[in-house]
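So that you can tell them apart, the chains are marked A, B, C, D and E in the order they are listed, and the count of residues begins at 1 in each.
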Amino acid sequence: MTENEEKKLCAEALIISGVKPEKCMKCGKCSGACPSYDEMEYHPHQFVDMVSKGQIKKLMESASIYKCLSCFVCVERCPRNVMPANIIEAVRALQERPQGTDRLTPDEVKNILDDDTPQQLLMAAFRKYSR
Amino acid sequence: MEYDYYPGCTLKNKASHLDICARKAAEKLGAAMTEIPEWQCCGGVYPMAGNETAQKLPAVRALNEAKSRGRDLLCVCSACYHVLKSVNYDMANNATVITKANTYLENDPWYKGETRVLHYLEMLRDDIGFEKVKKCVEKPLTGKKIASYYGCLLLRPSKIMKFDNPENPSVMESLIKALGGEPVIDPFRNECCGGYVSAEDTELTEKKVRDIVESVKAHGGEMIVTACPLCMYNLKKYGDLPVKYFTELICEAFGIEVLEDD
Amino acid sequence: MQMIAEKIKEKIKELTENGKISRVMGWKKGLYGYDSEPFVFENGDLRDFTYDAFSGANLCKYMIAQSKNDGDGKILVLLKPCDTWGFELLDKEHRIKRENIYALGIPCGGMVDIEKIKKSGVKGITEISEKEDTLILKTMYGEKEVNKKDYLLDKCLVCSSKEYKDCDELFMTDLCGDTAEYDRFEEVEKLEKLSSSEKFEFWRSQLEKCIRCNACRNVCPACSCVKCVFDNDNSGVAAKANANDFEENLFHIIRAFHVCGRCVDCGECSRVCPQNIPLHLLNRKYIKDIKELYGDEDEAALLTFTTEDKEPSVVYERGKNNV
Amino acid sequence: MQRIGVFVCWCGSNIAATVDVKKVAEELKSEPGVVYSADYQYMCSENGQNLIKSAIKDYSLTGIVVCSCSPRMHEATFRKTASEAGINPYMVEIANIREQCSWIHKDMATATQKAIILGRAAVAKVNLNTPLTEGESPVVKRALVIGGGIAGIQTALDIADAGYKVDIVEKKPTIGGKMAQLDKTFPTLDCAACILTPKMVEAAQHENITLYTYSEVEEVKGYVGNFDVKIRKKARYVNENLCTGCGECTSKCPSRKGLNEFNMGLDGRGAIYIPFAQAIPNVPVIDTAQCIKFKTGKCGLCQMNCPSKAVDFSQKDEFIDEKYGAIVVATGFDIITLENYEEYGYSMYKDVVTSLEFERLMNAAGPSKGHLERPSDHKQPKTIVFVQCVGSRDTTGCGKEYCSKICCMYTAKHAMLTREKYPDTEVYVFYIDVRTPGKNFDEFYRRAVEQYGVHYIKGMVGKVYDDGQGHLMVRGSDLLANEQLTIKADMVVLAAATKADESARKLGTMLTASMDTNDFFTEAHPKLRPVESPTAGVFLSGFCQGPKDIPETVAQAGAAAAKVIGLLAKNKLKSNPCVARADSLICSGCSNCEKVCPFGAITYAETDVNDGTVREKRRVAVVNEAVCKGCGACTVACPSGAMDLKGFTNKQIFAEVDAICRQTGE
Amino acid sequence: MQTDRGVTAEKEFQPKIIAFCCNWCSYAGADLAGSGRLSYSADVKIIRVPCSCRINPMFILRAFQKGADGVILAGCHPGDCHYSTGNYFTRRRMTLLFSMLDYMGIEKERTRVEWISAAEGAKFSATMNEFAGEIKKLGRSKRLGDLRCR
């Protein structure tokens, strides 16, 4: 990925997420609240920061994008309306866009199935982990 | 009181009890729930990205359907509620989504977020009132220490959901009180259970559930009540406390018997 | 409608007998059944009272003169939903003495434009009566029935609200017809999309027709100045003070600006214009702009501001899409 | 018809080198109304002025046009000249042919042509000028200070010392304000009570100061120099003149359920109470919502026990009408409520407190007599977490968008004091930024870190919860360590955002003093007139204008006093005559002009109107010329043209427009 | 460009431009442009008003009526008004008025609002030059004069 391509992807991430990173005052409340913090290599505030700096590649390649629970705690508690979850979602969407990058394939689904697995989980997992 | 009802896939299947109990309790409370015709799956998660209008269309259809009948749209499943309410917010505020969705669906007149989406718990609190709920109780849950677990989807983002105080909610506690039980306030009631990540990282979910369940125990809770099928799944799978849907709890207190395979 | 008119009459009698009102501002039958006009009924004499499909006139503005004297007792004024907006404005701007008025909100199912009927080729009308949504036209050449809905006044075609403002009592108002489904800004949007020269040609051809009869000004509830700036010798724009034709040329632009943010979009200006100039399109443009630029505010748009308001250059930016 | 003289100045070569001044004078001579024209090297010189004076006499001139430098330079000069020669100074207009013409154009023909046009516009205007007279109004030599905190007290003392009468109106039963509740003050750590109470006493005893405590401003009328104010003195049910402040009543009151406001509700008080020991006046007040006598009619123990018969259950609110020349707003601040920040658990956990509550917990006169203990179990906390920016710098609408300014410093103070008194206590401070721009401020903060070992963590707390065993768990991020941490604490202190006092908004409307969206009063100029409100005669002191610490507040209080003294020292106020004027014959009384007036200069009066044909009483606009500053906003809001601006009338501006647009040579 | 100056002067379009300037900021800015000898088009003639909020739309319309080719309003920057709020009203009034003129087919480029402080002499001259250039490109204003009733 060239630097230019990376910049373009960042711009796209900002557009589809509707996030304006310049509103962020770097207080870290999002990361202070995130329930997946320890599972993530890059944390919510870093997503905001790095995308605004044009460094999306590392984020796309990191497993962090699959650790976000979309629990909206960061969105809820951000004092500046930055919406970190939305930008994580956008990075994930950009990562999963090309063919063959699905995190979850139909074959793998049976691994997670048990008698009680609710449809909601399947729907959500498909939406979050594949194109 | 008449409502259009959006059950959602999970309630038609694995979480059928959540649905059945909701209907039976509503009957007793004098609220009519009419399932809207030909509803489609809401998608399970709200499409957050700005370029995902197509994924919002099933929700828009349901919302517009309710509008055409002039009724409020009732949900019981947390996820459906979250998706429908979020999409409804877009349909009232986001010009791009409004235009795209209406054009695609050929809505005439345009749907612009007119429908009121409400959760069964909101119906109990705002439309029916817990006083009335109290009157329907036949077998009060006296002495039961019940911790309510809200999860994420009902509460957040509060700007859109406007469901309850997102950090200190009270609707389920009020319900438990009305049913004669003793609400236990667990500070993790609005923390995530691990959600759909259980599909790929069971460890994370396990940890989250453990935190929640341990906290409930530490605060003296003996049982957890929830509104979300996915929370139920995770809490049950990784936790060791009894978990019930809030509608099951209502039926229990109302003395309505619901069979296991009902 | 006849039924409603009768009920209103009864209501008036009741209010008169209770001593609540002394006079009534209503509509009086004309010669042909389609030419009812505003009239003050006194001494309980309601012989020629009517309320029919041609009672489109907004009576609120008469209240300026009618409510002036404290000694005259209360006057009852009959207000259709859209009439009440102007009424509220007059009250807000202290143009009427509200305490001398009894405002009765009455139902409206849309008013008919006689010009539209005439234009459709019906000639020699001698009498019109109504039966639900049907108008029975008696002409010198026989009887004809038409659907009322096909001949509604333009303002009724975009009827946007059945809300009554500032009334003392609502009477049978649940009989109101539905609001219209037309988007009232559609015409404005169409004009906005024209090229600059097309817009100019449109307005020139329209405004050329103006004969300066002042009917629009006289009927407008927002045009309630004791003395209009165009009649004010000292204003520097009045006709008498200047040999040039300044006021003639720009009368409508200035009038629109003066009512900007205050216009209640009652559509009366266009209804009364003998030359059929679509004057409401000027006012409605301002309403649309205000909505788009400033959103909904309690105060009239030009009497308030926010520090984050758009710069005037927004007009150039918005204009970029259409050449 | 005017008789106008035109005087074209060369300004040495400044004008004459690029503008053919002779031609300008010649051309303007043929303009309507012009009877004389001349040019001269330096019109502003004594000779030049004499030239104008003699022309006025010789040609019986009624109006003057000077084509010269900018009116901002010499308009006043030429007005004076005209006045000395016996014509009204406002009959002078300047055509700016230097800054706007000769200095910026090189081509003589172009510049000359432009100068002629500018001259024509000025002539056209003068033709419509009318003589104007400056208004005069007397000044009442008494000031009102609203708010009896440190800001109000300081302002009142300074004004009183200068020899003017001052009244302080304070809505609470005692003066002292927020500062009285504080323990120590940063950065010197002197005790707040020790420096404040002497000032409170001084204010109470000053011969020029009258205190109205437990009182509120009810109505304000009038304008600069002449305000009419109605003050409501709420019934305290204790006669201030009889009461000796012995406190017998307060100890006998059987009701103990009241929350002690002074201690932030951390302990209780009786229904009849004195807010705190050093309260001024030292007179109790009865809380009628709590008082058994008022609720049931029975009791009256306080009355029975009062040795001086001062308790009076039948007391009624009193109204005082007073005239003032100036009003100082010193309404101060409050802190926001925290229902939008439940993630910090304020309403769920007793041991989560606000900084102001912590202040009382540390205070020797506080509920725990200065021994720091947790409200829940009265145990001394071993780990305390301070959270900054709770509700400050928040753009979501939950809190306040601004920086509250004082929290960084008082949090450092709290942390430092805690560590000093209880060295075995661990203290953590979560911060977004530490802002210490003030004398000795950063040194103070560094001392907390370096000397007292306070742990400062760059990051924000995401959630506070309890572990079910009496501990508060504080989860937050440490951005510098790039980790999320959870601190097991005994107590959490929230630096809740400040806000303008609730009484400010109502008062702002009463005074027609403008406010920003945060309900802070706006200053007349943010840099150059920071203690004046745009409304003449209204001054600002302290937090009511924006977040401020004590030294800044006192400085502003003094500055406001200086401005008030400057105003009260005058016997008469002269006002700009170029102000708005309403034509009562045309005015419809619609109130549009009133709504856009930034100074509240427009009121309405039922007036007899007689235009020859109609005679009636009408509601018409009246401009208070002493208050109007002449911006002209009202003239455009007025659709009928009833409102016009003297010196810049519609007709005059039209005439200028017409003159400029006239074809050359027409 | 023609060489014969006389002919050029005859033929070259000399627009009439009126600049309404508020006394406290923009008029002072113009003075500063003058004392800094920062030249701008001689076609611009300034009318002094106490505040931009004194400018009645009628003045602008009147100018066009009388043959002006461009009208520019200059006032203090929002927030800096000498009368605290005057220019906020100006901003709304002119936004709506300009939008209306555009709606009626009158070239919106002929009207403009600029915020110029007392310190911005250079901005004053640059703005006036640019505006005058724009008006020159547009040519003589006709439309407003033609938009009349009989």
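Criterion: a contact is a pair of C-beta atoms (placed from the backbone, for glycine too) under 8 Å apart; a residue touches a chain by one contact, two chains touch by 3 or more.
If you're wondering where the values come from, they're calculated on a predicted model, not measured in any experiment.
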Strictly by the touch rule at the top, which chains does chain A share as contacts with chain C? D
Where the centre of all protein Cα atoms falls, which chain's Cα centre is nearest to that point? D
When A-B is set beside A-D, which has more C-beta pairs in contact? A-B
Between chain C and chain E, centroid-to-centroid distance (C-alpha), Å: 37
Could you work out how far the Cα centre of chain A sits from that of chain E, in whole Å? 51
Let me have the rounded angstrom distance from the C-alpha centre of chain B over to the C-alpha centre of chain D, please. 50
Chain C and chain D have mean C-alpha positions lying a whole-number Å distance apart equal to 45
Among all residues of chain D, which ones touch two or more of the remaining chains? 343, 396, 463, 596, 637, 650, 653-654
Chain A touches at least 2 other chains through residues 73
Interface hub residues of chain C, defined as touching at least two other chains: 236-237, 302, 307
Chains grouped in pairs wherever the two touch, ordered by label: A-B, A-D, B-D, C-D, C-E, D-E
In the complex, chain D touches chain B at residues 339, 341-343, 345, 347-348, 396, 463, 465-469
Chain D-facing residues of chain C, complex: 68, 92-95, 224-229, 232, 234-237, 258-259, 299-300, 302-304, 307
Per the contact definition, I'd like the list of chain B residues that touch chain A in the complex. 8-10, 13-15, 41, 43-45, 47-51, 55, 77, 79, 152, 155-158, 166-167, 191-192, 194-201, 204, 208, 228-230, 232-233, 236-237
Chain D to chain C touching residues, read off their complex: 517, 583, 585-592, 595-596, 604, 616, 618-619, 637, 639-642, 644, 649-651, 653-655
Which residues of chain A touch chain D in the complex? 23, 25-34, 37-38, 43, 45, 73, 77-81
